[in-house]
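Contents: one structure, followed by commentary.
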Amino acid sequence: MLIARVIGTTVSTIKDETLVGRKLLILRPADIDGVPYGKPYVAVDTLDAGVGDLVLTAHGSSGRQTELTKNRPVDAVIMAVIDHLETNHEVTYRKE
Amino acid sequence: MLIARVIGTTVSTIKDETLVGRKLLILRPADIDGVPYGKPYVAVDTLDAGVGDLVLTAHGSSGRQTELTKNRPVDAVIMAVIDHLETNHEVTYRKE
Amino acid sequence: MLIARVIGTTVSTIKDETLVGRKLLILRPADIDGVPYGKPYVAVDTLDAGVGDLVLTAHGSSGRQTELTKNRPVDAVIMAVIDHLETNHEVTYRKE
Amino acid sequence: MLIARVIGTTVSTIKDETLVGRKLLILRPADIDGVPYGKPYVAVDTLDAGVGDLVLTAHGSSGRQTELTKNRPVDAVIMAVIDHLETNHEVTYRKE
Amino acid sequence: MLIARVIGTTVSTIKDETLVGRKLLILRPADIDGVPYGKPYVAVDTLDAGVGDLVLTAHGSSGRQTELTKNRPVDAVIMAVIDHLETNHEVTYRKE
């Protein structure tokens, strides 16, 4: 899984019909302090996450192992919202 | 999923027989403002997307979760055409 | 899928027994003008492609969705030989 | 598989319900001497590994081939704790 | 598949129980002349390969398509030992 920051939303009228009603959020991978780096990607939100949240995303076929993503053409899902991260016995990120 | 810009088309006479009639488009990954970056890749179009469209592509086995790509040797599919992208509460891309 | 140039062949006496008789070609990813870049990889040829051909390769489990690669320990397959590529309404590659 | 160093832990109250009770650790890929490099990622721990351990992680659908990860939206699992690594006939890492 | 050089071995007492008796080798990706580049990774050996051999590895779910790796949490397998590589009609690597 990747640690990632939710940075935005996508709107699509034309899409695979199995994706109607699914929320597709824009994320960027983040470091252990929650600071984003690198290029954006898009994942399905199944946990009502919001812009600014630090989350974990699962990729590939693992992204389809939820009720909302099963058998659908999606390759990434938000499967946890992070409360805090602890690295080498220090808290490096805490949700505000 | 990746945000990507459709930049072209491929023509192949010799191909896996299950791909006859499938449209294979050339894309480049794009940033939150729709500007492409990086190297090209090819995805199956199931939504009648055109050159210039900004789309989302699903990869790997997730690329085979549509009627047109099921059980076929393809690893990327266009599963949404983007109307607009909003990042940190600002519109960063809007379809013309 | 990746656009790729076939650059060579591999010979292996010791291999998984399900791969006897399979042709394993060396490729490098290529740009929209057919010029290769980056490191080599190996894919199964199911289309009688030859050194110099520009092709498309499908990766991961998608590489096993052909009669010749099904259930075999291979993760890339040549599934199309490219005739030409057109980018932004110009032909950027044409097979000689 | 990647050689990786366990560097921390994640805490999430809101997560996919199938992940309750699963331990999600933060890792960084490591070289043959056990020194970490590159960006962090998160994997499920099935072996009671601890911070500081050098481990192997399996990715993608392979990360779901354990009793604790089967059918769950996770894409990486710790499947071995490394005792030592030997490279070119020299021990390059040994667990303390 | 990747061309890769076997550079070492891993020893793990604590591991997924389905991996008891499996040989996990350390490799580095290699170029068409057999010279390694980039970071190490680990693959299951099913062909009795040894340190110094140039091999091919299959990744992801394809790494589980052998008798020894089926249903196990492993994502890479050695499925061929390379005798020689020929690139642009010249031999660029030959096993000693």
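First chain written, first letter: the chains are A, B, C, D and E, and each begins at residue 1.
Here is the rule we go by: a contact is a pair of C-beta atoms (placed from the backbone, for glycine too) under 8 Å apart; a residue touches a chain by one contact, two chains touch by 3 or more.
No experiment lies behind these values; they were computed from the predicted model shown.
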item	value
Shortest contact path, chain D to chain E, counted in steps	1
Centroid distance [mean C-alpha coordinates] between chain D and chain A, Å	20
Between chain E and chain A, distance of the C-alpha-averaged centres to the nearest whole Å	33
Residue list for chain B, restricted to those that touch at least two other chains	60-61, 63
Chain order around the ring, beginning at chain A and proceeding next to chain D	A, D, E, C, B
Touching residues on chain B, where the partner in the complex is chain A	1-3, 29, 31-32, 37, 46-47, 56, 58-63, 65-66, 69, 77, 79-89, 92
Parts of chain C lying in touch with chain E, wherever the complex brings them together	7-16, 18-19, 24, 26, 39-43, 51, 60-61, 63-64, 71-76
